[in-house]
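Everything below concerns the one structure shown next.
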Amino acid sequence: RRCGRPEVVFGPGKLPGEVAEISRALVQAGQRVLVTRATDEQYQAVVAELPEARFHPRARCIRVGEPTLSPQKWSVGVLCAGTADLPVAEEAAVCLESFGRTVDRVNDVGVAGLHRLLGEVGRVRSHGVLIVVAGMEGALPSVVAGLVQRPVIAVPTSVGYGANFSGLAALLGMLNSCGSGVTVTNIDNGFGAACAADDILRLGEN
Amino acid sequence: RRCGRPEVVFGPGKLPGEVAEISRALVQAGQRVLVTRATDEQYQAVVAELPEARFHPRARCIRVGEPTLSPQKWSVGVLCAGTADLPVAEEAAVCLESFGRTVDRVNDVGVAGLHRLLGEVGRVRSHGVLIVVAGMEGALPSVVAGLVQRPVIAVPTSVGYGANFSGLAALLGMLNSCGSGVTVTNIDNGFGAACAADDILRLGEN
Amino acid sequence: RRCGRPEVVFGPGKLPGEVAEISRALVQAGQRVLVTRATDEQYQAVVAELPEARFHPRARCIRVGEPTLSPQKWSVGVLCAGTADLPVAEEAAVCLESFGRTVDRVNDVGVAGLHRLLGEVGRVRSHGVLIVVAGMEGALPSVVAGLVQRPVIAVPTSVGYGANFSGLAALLGMLNSCGSGVTVTNIDNGFGAACAADDILRLGEN
Amino acid sequence: RRCGRPEVVFGPGKLPGEVAEISRALVQAGQRVLVTRATDEQYQAVVAELPEARFHPRARCIRVGEPTLSPQKWSVGVLCAGTADLPVAEEAAVCLESFGRTVDRVNDVGVAGLHRLLGEVGRVRSHGVLIVVAGMEGALPSVVAGLVQRPVIAVPTSVGYGANFSGLAALLGMLNSCGSGVTVTNIDNGFGAACAADDILRLGEN
Amino acid sequence: RRCGRPEVVFGPGKLPGEVAEISRALVQAGQRVLVTRATDEQYQAVVAELPEARFHPRARCIRVGEPTLSPQKWSVGVLCAGTADLPVAEEAAVCLESFGRTVDRVNDVGVAGLHRLLGEVGRVRSHGVLIVVAGMEGALPSVVAGLVQRPVIAVPTSVGYGANFSGLAALLGMLNSCGSGVTVTNIDNGFGAACAADDILRLGEN
Amino acid sequence: RRCGRPEVVFGPGKLPGEVAEISRALVQAGQRVLVTRATDEQYQAVVAELPEARFHPRARCIRVGEPTLSPQKWSVGVLCAGTADLPVAEEAAVCLESFGRTVDRVNDVGVAGLHRLLGEVGRVRSHGVLIVVAGMEGALPSVVAGLVQRPVIAVPTSVGYGANFSGLAALLGMLNSCGSGVTVTNIDNGFGAACAADDILRLGEN
Amino acid sequence: RRCGRPEVVFGPGKLPGEVAEISRALVQAGQRVLVTRATDEQYQAVVAELPEARFHPRARCIRVGEPTLSPQKWSVGVLCAGTADLPVAEEAAVCLESFGRTVDRVNDVGVAGLHRLLGEVGRVRSHGVLIVVAGMEGALPSVVAGLVQRPVIAVPTSVGYGANFSGLAALLGMLNSCGSGVTVTNIDNGFGAACAADDILRLGEN
Amino acid sequence: RRCGRPEVVFGPGKLPGEVAEISRALVQAGQRVLVTRATDEQYQAVVAELPEARFHPRARCIRVGEPTLSPQKWSVGVLCAGTADLPVAEEAAVCLESFGRTVDRVNDVGVAGLHRLLGEVGRVRSHGVLIVVAGMEGALPSVVAGLVQRPVIAVPTSVGYGANFSGLAALLGMLNSCGSGVTVTNIDNGFGAACAADDILRLGEN
């Protein structure tokens, strides 16, 4: 199995029974499992088969099996502005943890209240990679990229209304970021950001 | 003539001779003139007729006649991130000056280098209205709105390339600003921002 | 607490119990509360904890605590064309009232029946700021801006169908307004317009 | 030849010599000719072959041959807000005249200065069909449709910048018009509006 | 009451009781009523108050009161390709009938099976105005406009999927129609087409 | 060399000398050459090196070397509505001829003048594959697909203005075609249509 | 009945009873029936009338009556990357089978795991036509077209989220395919791809 | 100066003399200079002042001063499909070299000719980071990400025509990549990709 990561199952469009069946087969084959965008119904079906399964409701993830934790040179900072972006930030954080990474969640640091972010600059600079999750105008990654010299992975969310166009505003904002070194994932793609951060940290290890 | 402002002529699509002719007629009728989006050729034609005409090349404005300056309770801060946004910021500033307003230009305060903006907070807070001009991801107004309790007029510019889509990214970013009290003009519309700021300041005067 | 305004809670995505809990904590901390985009269920949960809570169903707002009313130099005119735009207009009006502002609601003044608007010109001109709410083609702010010399805050609504594209038609119309001094908020953002109007009126007070 | 109209040639993409050759052949076959979107170079080539050719530079039309004028029951009012929209309004007017229709040009009636339009209500109501040409936010047709009980053909123009998106703002505005009885042509399509008006007036004649 | 038409009520967003109440008041004031986009629930509420109310389920219209029918010089042809576009075509037809017009419904004439349309050319040419309703690629108005010399009002519908983008494909197709004399309404706006056709026919009557 | 076709060089962005050099090298390696989107300057450079080179100006193609012609079971019909679409139709036709295919050009068959197309039905039905090129509303492929039982390859062109959006209207129209068996290429991609038609005809040969 | 195919009924928007009634009438008239986008409810209604009806739930198709199978020179390969695209791939496959074609389903060949596709090259090359179904970035047809010299019909699906915009990303990717000979259908249009493939194979038969 | 990189000047919109002046000042202040999107005219002005300046015409970059080269643990692979994407790939490569990084250019590896890419798999896997530059449908990053376990930075280019919409097709394709660990920059932003790759490699060094 590739990269020391669990096998990842994308939940949407699969019946609870299907998710449970796929998970059971993977565990039987000796693999750990991570289900993303999972529902509570899917979790009930999985845990009935695999009692060691754990549900992370905010992240909408089911995990079966724990990674072997080894001492990490670098941790990942996952930043977001507040409640509404938390599901995507948590998806990134939980996926990283299931890859065996150390995660530091820095919630509640939006650009409209800069002092909170500025109060955390030291903490933010201590991480090897930053995942910056933001909806609405998606300005946070630009500000963060100006404060650190580390890779910044920007994740736009679909949080907003009207001329937000389901995350398009945040996506365009991030692609046009004037902060150097920012790269961008699809809207709401916390999982993809976790994969990219994991690939980056692996580089520092060998 | 409405509002104590000069008569405003929109330059594009008018021949130099036409601009000169319109300007001459207005001056003859006792009015001051402001030509926006003017070219050097249009200026040459105007100044040949009206030697008192002045050209502001960066702002692309021609002015004929000076406003009566009265002591002002409030000034307008015009903020932008740098060279590329200057033509729009200057259009706003020169228009305001032709309306008799006091303007403070705060250039070079982008979100990717926050310390410069943070070093000017006192100055920024001293103004009655802020016009915040930004291209690329258009994040500056959100940050400014978090620092002041004054009206913030956000002007997106068409500066950028690729997924900027000629200013759409900045426009959407500003419309979705999480900073409260931000309102937005059309892309590159420094003149419109100046009119709105002037209308606002007039309120504080009577 | 900033600006003499109540603390504002954005209702969508929060469970009734969560809204009640946040509200109770804020009131305990001595603050007034304004919940926007609130549902009846959220109100029931809040009023069970805080009997002084009031619901404004058309505006979809919950208010807890009254502002100290002081004599106002200027009032705000909130204009809209009719029934369908009322929720957004009411959101603006109720938010302003919770900020302690005096509001004059001028409903039923659409551009297809100009005589009604023309019959109210005096009333419209008496206000310090105009908030003009419109869906469909969003033409009302242009017409109003031509009649007054006051700041006009245009709020596009998502009212319409087909090529309206959920408010895009009204938004683009307002951004392209030929009326000078018009600035624009996000689609359906009555709250944002209220904040901007409040910031503007504060200027006339000190 | 269909409908008593001249043969219409679309100028763009045709060399001056080609336009001249096509025109000559049509005249030889006994037809009148109308070239739309014509350039001065195309006109020079045509008039060298056909000295009776006339050029309408603002409308960008070449006409060869005059329609037989008969007394008309109804005339067409062609309204627009000002200079920038004139080429499209003139295209509509000149095409109509080449179809033998009587046209009344009502320029300079924009929504930001309603009094001029209101001062012409009687004149506007006297026509059988109204062609209303507008760029920027395209609000004029809604206002006109509220004043008359006649068919209103709305022609959006590509005049504007930024969030105008080359006429999209005006087009969407007109399609969403709250004025009843408004129908819309393609952006800048003065010719199409003239055809539709001509079809409508023919109905009143037989 | 304007134009000999009933008062028109737009159903969406109104409670059944509200529609019934508005209708009752209008009838009491001596007017006929037409409710568009009405639901069965709204009809039940109306008919309980006004037993003479009639429901047209396919057209989604409620009518109260009959127009005085006078002999008509011209009728209106309402064409569409088939089942899916019928609600919009019927909205146009029922609205026209409530305005006292004579309507000829020509369903099942799509461009993919031209023979059916070609078999009806004489019938199509006999009408004063054609309303052509089409979804998907919206090609029917171009073909019809090539067959008649009458005004063609094209109504795009939101019928389709994928790259149809809820009627955008049909709308753009119709705006770009190579058939001369075609004008266009908003997507699904059968009512607007009926108003425009009624305005046109009135011209032939006086 | 793959498929018995010449090597194809895409002209745009290559200097005349570069095109000549690439062509010479290919001919030296025993291959035939087809340059698409070629300019006259590129042709002059190629013919100076390779006197047997031929230029097809309308198709904007340079060909060096002739295909071995073998008797063909099926020919390809290339249909378009008129002058403006000819460059794309010719690109398809010339590419097919350079692949050794027999082509029948059916120009001047637009949907607004159906009789011309209907007059050619027998000829259209005689071909193995139809390439249907159309700009503006792109309705021709739907009509053709209703008349034949052969594969129809629809090629939208960028011909049009305003709400045509550089071929988007025609593209969407064709993707939504109600004619069964229609598939679509990129806007202006006559070359791609020729490749697809060639692949299809090869199937009938072995 | 045209082309030896069953009569095709488009399920959406038709009541179960309507589908059953249409199907019964067609069978009575001696035709086979294919209902696409059918629901289980529609199937229950059909099978109650016509016990020989069969439901294909993944393809969402109802079939009544079997085609006469004749030995086929060519088969059709239907390729897709996995579970989520299966409904569209199955629609194509089942439609083809109801047209009497032989289909080879090659599922689970995505571009992110090339080895699976590369392991099937021989099988893929053995078919006369390839239908390649893909969502997300829609890259599969380009890769397949590089491996075969057969017609490739690309079918984008609406599978994806965020910047996928309901299939737009896959559609644009396929239209811009650098693989020669690729043509494209509407998003999710497995039925259309089956019709095109059937038209192509017929060519190889006569 | 931040990050051991040269000072970066964005060329567009600056006069040759301005670029020369800025460069001279930076060199005088002891810094190296990198001008991106530079023209030959700008280079002539710079080299006249600073004879050590070097121009990279394909990359459109001017460099003044060389980085101190230290042995590198990791190199960067810069992949692209061919000629048209080279300017963007070269911008990335030259920027990286000016940051002191070792670059391996792998041109001519497109998805339509997979064998070339597959022939380079070992080489591609040897690098620490991959920058994958692609226009048209932008499928290359997905394929590369399936072959390596390293960070993949995808750079869409504006190469293409028609439904490419100036790079939008490639951008959307990359954002929807099914290859895990792919992050994306703005269209044509080779400079941004170089910054991100440099930030990533720095992580492996300390």
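Chains here go by letter, A, B, C, D, E, F, G and H, matching the order in which they are written, and residues are numbered from 1 within each.
FYI, contacts are C-beta pairs under 8 Å (C-beta built on N, C-alpha and C of every residue); 3 or more make two chains touch, one makes a residue touch a chain.
Source: prediction; values computed, not measured.
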Shared interface partners, meaning chains that touch chain A and chain H: B, G
Matching chain pair for D-E (criterion: over half of the contact pairs shared, by residue number), options A-H, B-D or A-B: A-H
Inter-centroid spacing, chain D versus chain C (mean Cα positions, whole Å): 41
Approximate Å spacing (C-alpha centroids) for the pair chain A, chain G: 36
For chain B paired with chain F, centre-to-centre distance based on mean C-alpha positions, whole Å: 51
Residues of chain A touching at least two other chains: 162-164, 168, 171, 175-176, 180, 186-187
Pairs of chains satisfying the touch condition: A-B, A-C, A-G, A-H, B-C, B-D, B-H, C-D, C-E, D-E, D-F, E-F, E-G, F-G, F-H, G-H
List of chain H residues in touch with chain B within their complex: 10, 13-14, 156, 158, 166-168, 171, 186-189
For the chain H and chain G complex, residues of the former touching the latter: 81, 110-114, 118, 136-139, 142-143, 145-147, 160, 162-165, 168-170, 172-180
Chain C residues touching chain B - in the complex, by the definition given at the top: 2-3, 74, 128-129, 149-153, 171, 175-176, 180-187, 192-193, 195-196, 198-204
Contact footprint of chain E on chain C as seen in their complex: 83-84, 161-164
